[in-house]
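What follows is one structure encoded as structure tokens, with my remarks underneath.
Chains: A, B, C, D and E, in written order; residue numbering restarts at 1 for each.
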Amino acid sequence: APSTQTTSATSNQPVVVGSSSGIPQLNPAIRTFSFEDTLFPLLWTGLTKYDQSGAVKADFATSWTSNPAATEWTFKLKPGAKFSDGSALDAQAVVDTFNYYLKPDTATQEANKLSTIKSVTAPDATTVVFQLKAANAVLPGAITGVRIMKMAALSTINKDPVTSGPYKVSAFTPDNTVTLVPNKDYWGPAAQLSEIDFTKTADSTAASTSLRSGDITVLVNLAHSDISTFSSDPSISLVKPKSLSQAVTWELDVSSPPFNNVKARQALAYATDRKAILNTAYYGQGAVSTTNTMLADDNPMHDKTGLIKYNFDLAKAKSLFAEAGVTSGATLTWWSGSAFPEWQAAGQIMQANLKKIGINLVIQANDTTTWSDKFYPAGKKYPGLIISNYQSVPSNPAFSMNFLLGGRCECNWNNSQYDSDFNKAVATIDPKAQLALWNAAEKLENSEVPLIIPVQSAPVAAVQSRLKGAWIEGGGQLHLESAHL
Amino acid sequence: MLKSVLTRLGWSIAIVIVSTILVFAILRVLPGDPVLARLGAATKIDPATLQHLRAAAGLDGPLYQQYLTWLFNAVRGNLGDSYFSQQPVTELLATRIPVTIELTVIAVLLSVIIAVPLALWAAARPGSLADRIVGTSTSIGIAIPAFIYGIVLILVFALTWRLFPTRGFIPFATDPLGNLWFMVLPSVTLALVAAPQLARFLRASMIDLWSVAFVRTAEGKGASRTRVVVGHILRNALVPFITRLGVTVGYTLGGVVVVEYMFGIPGLGSLAIDSAFKRDYAVLQGVVLTIVVLFTLTTFLVDLLHNAVDPRLRKDQAHG
Amino acid sequence: MTESAVTVENLVVTVPGATGPVRVVDDISFEIAAGNVLGIVGESGSGKSLTALSLMRLHRSPVRIDNGFIRVAGTDVRSLAERELDAFRGNTIAMIYQNPMSALNPVLTIGNQLVEAIRIHNKVSRRVARNQATDMLAEVGIDRPADRLDSYPFELSGGMLQRVVIAMAMSCNPRVLIADEATTALDVTTQARVLDLLRGLIEQHDMAVLFITHDLAVASEFCDDIQVMYSGRIVERGTAREVFEDPRHPYTLGLLGSLCTLDMELDRPIPTMPRDIAELSRLAPAIDHAALEVQELR
Amino acid sequence: MAEALTLVKEQARAQGVRRRALIPAIILIVIVAACVFGPLVSPYPADALGVGLPFAGPSWAHWFGTDDLGRDLLSLVLVGGQISLTVGLGATLISLLVGIAWGIAAAGRRGWIDTLLMRLCDAVMAIPQLLFALVCVAAFRPSVISLMIVIGLLMSPTTARMVRSTAVSELADDYVVAATASGLTRRRLLVSEVLPNILPPMVVQATTNMADAIMLEATLSFVGLGIQPPDASWGTLLLQGYAKMYNSIWMLIFPALIIVVTLACLVLLSDRLGSAFDGKKVMR
Amino acid sequence: MTDNDGTTSSDGTDPVIVADDLQLTFHHGKQETKALDHVSFRVERGTTLALVGQSGSGKSTTARTILGIQKPDAGRAIVCGSDVHDLSQRELRLLRQKMQVVLQDPFGQLNRRHTVGRIIEGALIAFNRGSRRERRERVAELIRAVGLDESYLGRNPRELSGGQCQRVAIARALALQPELVVLDEAVSALDVSVRAQILNMLVQLQKDFGLTYLFITHDLAVARYMAHDIAVMHRGRIVEHSDRDTLFANPKDPYTQGLIASIPVGLPRGAAVRAEFDRRLELQLEDG
């Protein structure tokens, strides 16, 4: 059992942030692990950012406006800002950064969100103008992930990165540790921690051991199984997002049998014992998704009315499966990743239930690369496989429901109605009209079942109680910009 | 003398080359696509870019050609770039090599410090209670995998008694004492794995020596048991023991893989696991090369040392 | 009657066997007077070496001395503590071993090993001990002794090594010397020279010697008294002359009869031991210890 | 093999080691039998969820307790043992077959083939086993079969060296000279004269290899690169137990115990068989 | 047994071995050992040549060269008319049926993993002699010829005494009805009493089967008893080669003289002891 903490914490003590994956490199455009979303905001500023409630807030931009059609956006910047090397951080730097992100060679995960941008210009040192290919009402939210870098220093980014955020790097061992110290040239409120060490922990148990012993201050992704053992520990506080921000998504190939038949997909949705999965695999952390949709019940954009409820019902599942030609004796495959114990637990629950209606579920666990090879990128065929996965679900549907757009989702779902509803919603500035469009799209999602979404859950971070001010964003990212001892 | 050293060096180089060929071949048999893996599971990328990235990572062309390119570059100190981070592999290795060497050296020293007294205690009286205690306990000690030692040490010394940190690392140059403090549990873990093997080996060779005639000669002279055991038996057992130490170094270099992983030490071992998980061939290949070179170098040095300890070999070379 | 240098009474040595301990030396008694050489001959496995080792308590488990009294130069060997035993071995009694190559530590110079032997019993400086060692090598007839001290055993020939071993045994001037097959590994010419050397040393130092050998011819030349061992017992004893000229026990007879000699008749089979020799030897009269005392008084 | 085994028995009897070798042998047999037959008679199928409360400690109903899904841990350990032991046994067989062929080939044809084969051994052995295994399973998907092959091949150079050195010293023995002089062909000499003399030490080597193989599999599984769930070996059970260490220490302790006991018995057995074969060294 | 196939004639003109100027030097590092230094000799059919000399004088090397196990640097070794080192592997193997060997170490020369029966049968199997049953019969015949009985066939060499092992080795050597048997220190490791039995048996076998022996020993007395001719080797050279009576009566080479002189002579008259032995033995046997 965890005992009392050595609490002689001076502000000189480094704050150690542990996570199961290391940081392989520092270029924020090339984001590999979600863990890096905790690091990059400490080092680089964006034009905009999300706050705890999921609203878009000013970051380096002070204000922004669009034309009525939402095809041109103008951002005003803070004047007189500097990079950590003292050079000017101005509109030109912003333009250069965006041009780098938009280059087809740049393998960045932000590409989809930025796809509507046609050009970026800097009429003066504190103004940046975006020309769009199509109307986009949510551009300020779409560009939060773009970190303003000094492009001239890109080549040395792993050795001596020039930063624009509250901290800068003092030491970096790839895949192991990054040491941050305050950036004196930061334009915003000064950093409050004298040192932050990002470090790799072997596995969740080693991480929680180190948290107990006080060797790490912050554990970014606490294993679900550890949540209950820490919740009674006064020296540790658990940090959760305001809303459930992670959807458990099981992907099916809707372009090949048997899951090209919507009945088979619905059958699977009915065969899913959501409660058991929530309680056993996710240790009760989260909520079941009765309507099998991305947006959780607590999302203001979610409207239950008129949606099908997929209650656990094996009889119904059996008859729907039979209609889709999946009869007793059929075999399906659960394609899981070995790094995620909850995926395997869910698979085992599914296996036990499907067995009751005569369907064999073969469970295969894979290392991450093998796992993703099977279905990624979109367009691959994987008949009969159920692939466990999850998605971050920021509260704005534009950045969660976009996953189901044609050609995007590895489930190969192509629904032109859904796409047009979505695109219209993105281009609509009026909130009411937008909401109606979201609901229409969600209805399609609910009846067509492109994905099985049994549960919405939330990533939980654990921090030593002496550290205050850490919070988790709607998309699941832990933020330490305002953390202090 | 010089000639035999050079021949041995030649063989060592050949061994390094053959083992890199083996690893290279194995790694390329089933290409999961590291380029794709790097991009993560949520980006769309067009085939031309993919091809371009592959070429940049040296993943096109026939296998032997890939190997020769790699070898040619390796000889010139260029081991390519990590597929993931695009960092030069040599740079990744550079910071980690000293860490692993330090850990290995400390661990091997510790294991010798544990093993030699145990073996002496046991072999002083073959068949005695002490002998049987050492014999059985080292047999059990060998049966315990490194990670179990690690878990127990962490639970006891780090979590319950809070004597040492559960994990972490400070470079020696930054803070020598802090560095050693972090090294204690990992090196003890490694030593606990290696020590029973060394102790058993030494005990067995010493007990064998009891039945050799010159030991009876020494006893017959009236030499005390201590003198017989230390001056004659141990002295002779040292010759094979030194060779065995070379093997232990190799074994420990393998053990660092798990131990560095458990204790979050940024050495070659944790790099090996990371790159194995990510299929970062360039890095994995570099790690293997480094460890093979380290091991082969140790073997080479052990050979030289062996010659120095064994007068038969020493004199042979003086003549030759 | 003067006190003999070695007295052994009712010695029993056992090793564990499948059905309880086996007596490999079975209740033997003998004495050796100072200046005398007692030869033990007998077939392989008859217990010669174990008898010799018992005198120094150099036997190893599972061999154990079960019974008997052993006195060497006035010391009751069986009652010695381990410490005392160290002072006793090498100083009072010393041993020469069969194979000189393996009797010396291969990784130490012979100088080191000689100096060790001296310094264990005499508190002298390394330098003094080294000088003594040089003298001893000279005494056993090794030329350039000072140079040889820094040689390793593998650099010397068998005959030279045997001399080194003899020098080592003599280093502390022991009262009693045991030679177990000391010349068996040497070829005939070297053997003759080493035996001459030993003879000289024994006379010079007035030592009692227990001389174990397979070779009846050597025994007959070298020993004053001879005792024949057969399956752990002494079956025949007497002066060398008596034993060889007038053997009484059937085993001794068989042994002598089947020996190849230069003057033996050719073209007829060599007499061999009868098959039921074990049976025969049980029938033979037990050795009369009183008779031995008489012999020694003579 | 049968001949080798009778010889083992015979020699063991001669040396009186049989009794001491018996204890680990019996424990091993019990473990193997439990793994093979236990699941057949167990009231709880290993894959039945919720036969008990999740994370329950040892009790009369569940001797080893239950895991996070409420499965019976004892059943899981026994079923896991089937895989661990299969990998161990398979790898051992492969290492022996390959190693013996490799070593005999080298010893039988001295000269450059010998040099080549032995340097290949050196090259394989220059890569620490665990690291090499890591490389292999990174390249091949880890499965029972692939682990068996990889581990078996990794251990074969050690075996080959051992075979070669025994064979070379056997070849220098008088009986080989006598057999050669009596007209045996080289191949027959190796197969019918030398090989039977190599097999008994190979029994010792086999137990050592088996211990190594089980250890290697467990270690690989522990770092997540061994047997993949839902297949469970002792190593994966241990990993899962470790992950749930703070919820239920039993999930860690029992798999760890069974691994250590099995390996210790194998080590002790190989020790004692080994000393049984050292008949030559009699101390006096 | 039908060993006399009609080719045996002891007229002194039918050499089984002709060693012609054999030379062999061993190199270890920079050191050289001249193991064979212009060694030449002949052994006539049905006779025994004893090779004597001290350890390391090259006796075994000579034997190995004759047997085709060791290749000489120069010179020829002709056995039964064929140059051993000129033959192909196949031909040499066939020639081996005619020459067999018995070595010094009683235990070492028998494969400890085979039974006595299998050891003797080994040579027969190697040359596919006869059916299984015929081989069995032949093995039984052989074991009796060396003075043991069939009960030994199922035993393991470890269960035999040194003398019995040596008998088995001789039985194996006789299995293929050879013309030549090379005995390299074949009795040196045995106790005197056992040695006498084996020597007697060897003499008898030679008479029965017309065997030719190359008999290696370092014991001059044994050589005298066994051999027709004796060759003395010293440092790889044959320093003296003559018939046994000449050698002992009139040794010419100083080395031979030294050798004879250093034999201990302290033993009482052997003949007297032997006579006494016979008499007493009879007496005691009667008593018992």
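Structure notes:
Quick note on the criterion: a residue touches a chain if its C-beta (ideal position, glycine included) is under 8 Å from a C-beta of that chain, and two chains touch if they have at least 3 such contacts.
Quantities reported herein were computed from a predicted structural model and do not represent experimental measurements.
Taking the CA centroid of chain C as reference, the farthest chain centroid is that of A.
The chain with its C-alpha centre at the largest distance from the centre of chain B is E. Contact count check for D-E and B-D (C-beta pairs in contact): higher for B-D. The distance from the centre of chain D to the centre of chain E, with each centre set as the mean of the Cα atoms, comes to 48 Å. Centroid to centroid, with C-alpha atoms defining each point, chain B and chain D lie 22 Å apart. Here the CA centre of chain B is 55 Å from the CA centre of chain E. Inter-chain spacing, taken between the CA centroids of chain A and chain B, is 40 Å.
Across the assembly, chain D contributes residues 141, 224-225, 242, 245, 283-284 that each touch 2 or more other chains. Counting partner chains per residue, chain E has no residue touching two or more of them.
Listed for chain C are residues 60-61, each touching two or more other chains. Chain E meets chain C in the complex at residues 54-55, 162, 191-193, 195-197, 199-200, 203, 218-222, 224-225, 248, 258-260, 262-271, 273-274, 276-278, 280-281, 284-285, 287-288. Per the touch definition, chain D reaches chain B in the complex via residues 119-120, 122-132, 134-141, 211, 215, 218-219, 222-225, 242, 245, 252, 256, 259-264, 266-268, 271, 281-284. Contact residues of chain A toward chain D in the complex are 203-205, 208, 223, 225-226, 228-229, 280, 336, 338-339, 341, 344-345, 347-349, 351-352, 363-367, 370. Against chain D, the residues of chain B that register as touching in their complex are 11, 14-16, 18-19, 22-23, 26-30, 126, 135-136, 139-140, 142-148, 151, 208, 210-211, 250-251, 253-255, 257-258, 261, 272-273, 275-277, 279, 284, 287-288, 291-292, 295-296, 299. Interface residues of chain B facing chain A in the complex, by the touch rule stated above, are 32-34, 36-46, 49, 52-53, 82, 84-87, 92, 95-96, 154-155, 158-159, 162, 165-169, 261-264, 266, 270-271, 274, 277-279.
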